[in-house]
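I'd like to ask you about the structure that follows.
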Amino acid sequence: MQFPTFQQLIQHIIYGITVGGIYALVAMGFTIIYNATDVINFAQGGFVMLGAMIMVSLNTTLNLPMPLAFFLSILIVTAIGIIFERAAINPVKNASVITLIIITVGASIFFSGIALPIWGQDPIYAKPFSSGDPVSFLGAKISLQQLWVLGITAVIVVAVQLFYKYTIIGKAMRATAINRTAARLMGINVRLMVLCSFALSAAVGAGAGMAIAPVAHASYDMGSMLGLKGFCAAVLGGLGNGVGAVVGGFTIGIIERLAIGFAPLGYSGYKDAVAFIILLVILFLKPSGLFGTSQK
Amino acid sequence: MSTPILEVDNLRKEFGGLVAVNDVSFKVHPGQIMAIIGPNGAGKTTTYNLITKFYPLTSGNIIYKQKRIDHLPSHKMAGLGITRTFQSLQIMNNMTVLENVMVGYHCKSKHGLITAALRLPLYKKEERDGRNKAMSVLEFVGLESKADWPASSLSFGEQRMVEFARALVCDPDLLMLDEPASGLNIPEMEHMAELIYRVRDNGVTVMLIEHDMGLVMNISDVVTVLNYGQKIAEGTPRDIQNNQDVITAYLGEELDF
Amino acid sequence: MIKDSSYKKHIPTVILAIILIIYPFASGNNYHINVMTLVGLYTMIVVGLNLLMGYAGQISLGHAGFFGIGAYCSGLLNVKMGLPPWISAIIAIIFTAGIAYFIGIPTLKLKGHYLAMATLGFGEVVHVILSKMDWLTDNPDGLADIKPFGLFGIKFDSSFVMGQYFMAWIIAVAILVISMNITNSRVGRAFKAIHGSETAASSMGVNIAKYKVQVFVLSAVYAAVAGCLYAHFRQFIAPSIFQLHTSITLVTMVVIGGQGNIWGAVLGTVLLTWLPEWLTVAEEYDIMFYGILLMVVMIFMPDGLVGRLTTLFHRLWSRFSPRTQAEENG
């Protein structure tokens, strides 16, 4: 065990919060789809990766200004989410858990299989959203891109909550999540809500990918680990619980970082196990997660 | 009178605030057909689930063959000689009819993984015995010709028979039937009634939950009536038909004695 | 009353054995034979997973973990402690069984999605641990210098392609036969009964928790056997194969072959192991096509190939068999 200085500690926590924000967004993506369909979408990481890669290409190759690239990329990934739902999820009726898992895994393989020939194997360079010196906070340094990540996370979380609360579609999606049969009886087009959930989830995933692209290695396989960590976060918060997903994301991000901070020299490589150990502990002790009430 | 085979003493089950079974006591004597009747939601199935340990008791005692059994897990029941059927059919759709019935032989046999993997003599003997026993029970219920059919391809009535057969394979002492005739047509129901009789004549004690009053009054020796989780009457079919409380409990429902 | 048709059920086994014996001589291509050896190893794991998923109805997305524990344990015992490969393999298998037992008890209380997630988490933890083993392996890439199996003075190293092929398949067929025996027994019926209805199974005296753990441990043991063979065949193991991707490929082999059908397991394994080889014609688009094929097969044949072929066969059969037709109409 090593003991970091206070300043290092703050630095770790800040970094944990940044990464945690991304996990939170990925977890939210899982939650949105799980609520509408009971599908665990293993292709969620694919949306994250596509969001990042498409934005970088629009920005650097086509020289579009960053904000335009950002929104275009969200639109494109949302469209991909919609196509994915129509082509691969909608046609299967009464599929078992395992069939759906394999389909979404197939999709995630498909996404990286497309990205590989287009963008190659190596990480591509993503410009930070704004240039400038890092800011100091309690002696620790926060890069501007980290602030962007936090800002974008906050905006997306709030926007999704507002969407659920104040739009007709959002309300209908919530009703569908609570009770599908009742929603259908009330005249809600449940199939359409499933489609919307894939669209929304893809958009959220893309947002996460774009925010993190400049601080992480943006590459064709960046989605797989992020997807799995986000998945752990979703379970930690209670699968299907939106607030839980966000809290779970930050929790895992911070614990993971602190584990690196406290780990004896040479053991920080085990950090990737932290999220999964948290996943196992929560499943064994309280499968419904921190905020869940019962096992669905 | 003989010592009861099953004695239920102040059985109680609460689901949250709802008292599904409210301090119910009764005795079942060997060789009897004992019916439990009552309106929908009276707590009949819950009583079965308590006796067979699918739910933990809130309070009460269950004494079977003069031993308390309320601390045992549900999978020990068959070994003790208590088997049951289910109101909502519990057929294994992934198995053939014969295999379904042979699952009932589980507690009569004991070979394990390694014995089976290596086909040791015990495996062969038990497999042969189980198969023969299952076939004879299928013959008894009239399904021997469909032994190798997937259970899912049978009609509803036949599936009820499969479940009945499965509960008989291990030669139970106490057979608990939960609405065995529901969903059956008249000839099927008559067949079922006759089979229940014959099972009883072979010395098996039978508990029966049933909504069809004709069937109940015809074949049972003793009837217990539950309403809102409470026992409101007990007696011979004739007593029950004339019991004012029972008639009130069923008021509004068509009673077809 | 019961016809002794037991010779009939051996027909597929005999056919498989004949094909397997002929294959290496007919092929003559060492690379292809090596792929088939790998198919043999995967078959062991997939047969076990099929017992777990197809028969007992329990999901596992972590079996690459058991594969990896078996491989690393046997490899390390051999390299670090100098134990002979046969001994290290046996210890590794027992060790893996122990891990599966302790993981299985809490894990198998979970159902559906939650079971899938817990097994996934287990598999990933194992992967991370194996990836960070350089303090033990002295090699950042993996574990090297594992000794090959030896039998009567013959070394089953990578140059002895035929030897590895036959050793793998003799063990795989043994596992197939053992597993078929199990499925046709009290234990196998208990597995199936748990899948069909836990309620009914338990009322018939089946100890659900016990049999779930039993089938889980059994499938882990099969994976460990494959892992040991893999380690001593390749003589070098890297952690990258023992991760989620492989777990899911294994599960897909079960599903594509057909759950609840031991022969389906073999078919699914053959197809999915060869698929990447065939897809090399698509050059850099091979991964993409692999993904598409997974989706397409699952969308159109969720019961797997054997299931699909059986339904087709039954449909043809009922069309041409007057007896069944009369029954359907009557």
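A, B and C are the chain letters, set down in written order, and residue numbers restart from 1 in every chain.
Criterion: contacts are C-beta pairs under 8 Å (C-beta built on N, C-alpha and C of every residue); 3 or more make two chains touch, one makes a residue touch a chain.
The shown structure was predicted, so the numbers you read here are calculated from the model rather than taken from an experiment.
Chains that touch both subunit A and subunit C are absent from this assembly.
Relative to the centroid of all protein Cα atoms, the closest per-chain Cα centroid is that of C.
For subunit A, the chain with the farthest CA centroid is B.
Here the spacing of subunit A and subunit C, counted between their Cα centres, is 32 Å. Taking the mean of the C-alpha atoms as each chain's centre, subunit B and subunit C sit 40 Å apart. Look at where the CA atoms of subunit A average out and do the same for subunit B: the two points lie 51 Å apart. In subunit A, no residue touches at least two other chains.
Those residues of subunit C that touch subunit A in the complex are listed here as 53, 59, 61, 106-107, 110-114, 116-118, 120-122, 124-125, 128-129, 131-132, 135, 244, 248, 251-252, 255, 284-295, 298-299, 302.
The touching residues of subunit A, when paired with subunit C in their complex, are 38, 40, 88, 91-92, 95-99, 101-103, 105-114, 116-117, 228, 231-232, 235, 239, 266-267, 269-270, 272-273, 276-277, 279-280, 283-284, 287, 295-296. Residues 52, 54, 73-79, 83-84, 86, 90-95, 99-100, 102-107, 109, 111-113, 115-119, 123, 126-127, 130-132, 135, 163, 166-167, 170 of subunit B touch subunit C in their complex.
If you check the complex, the residues on subunit C that touch subunit B are 1-2, 178-179, 181-182, 184-190, 192-193, 195-197, 199-208, 214, 218, 260.
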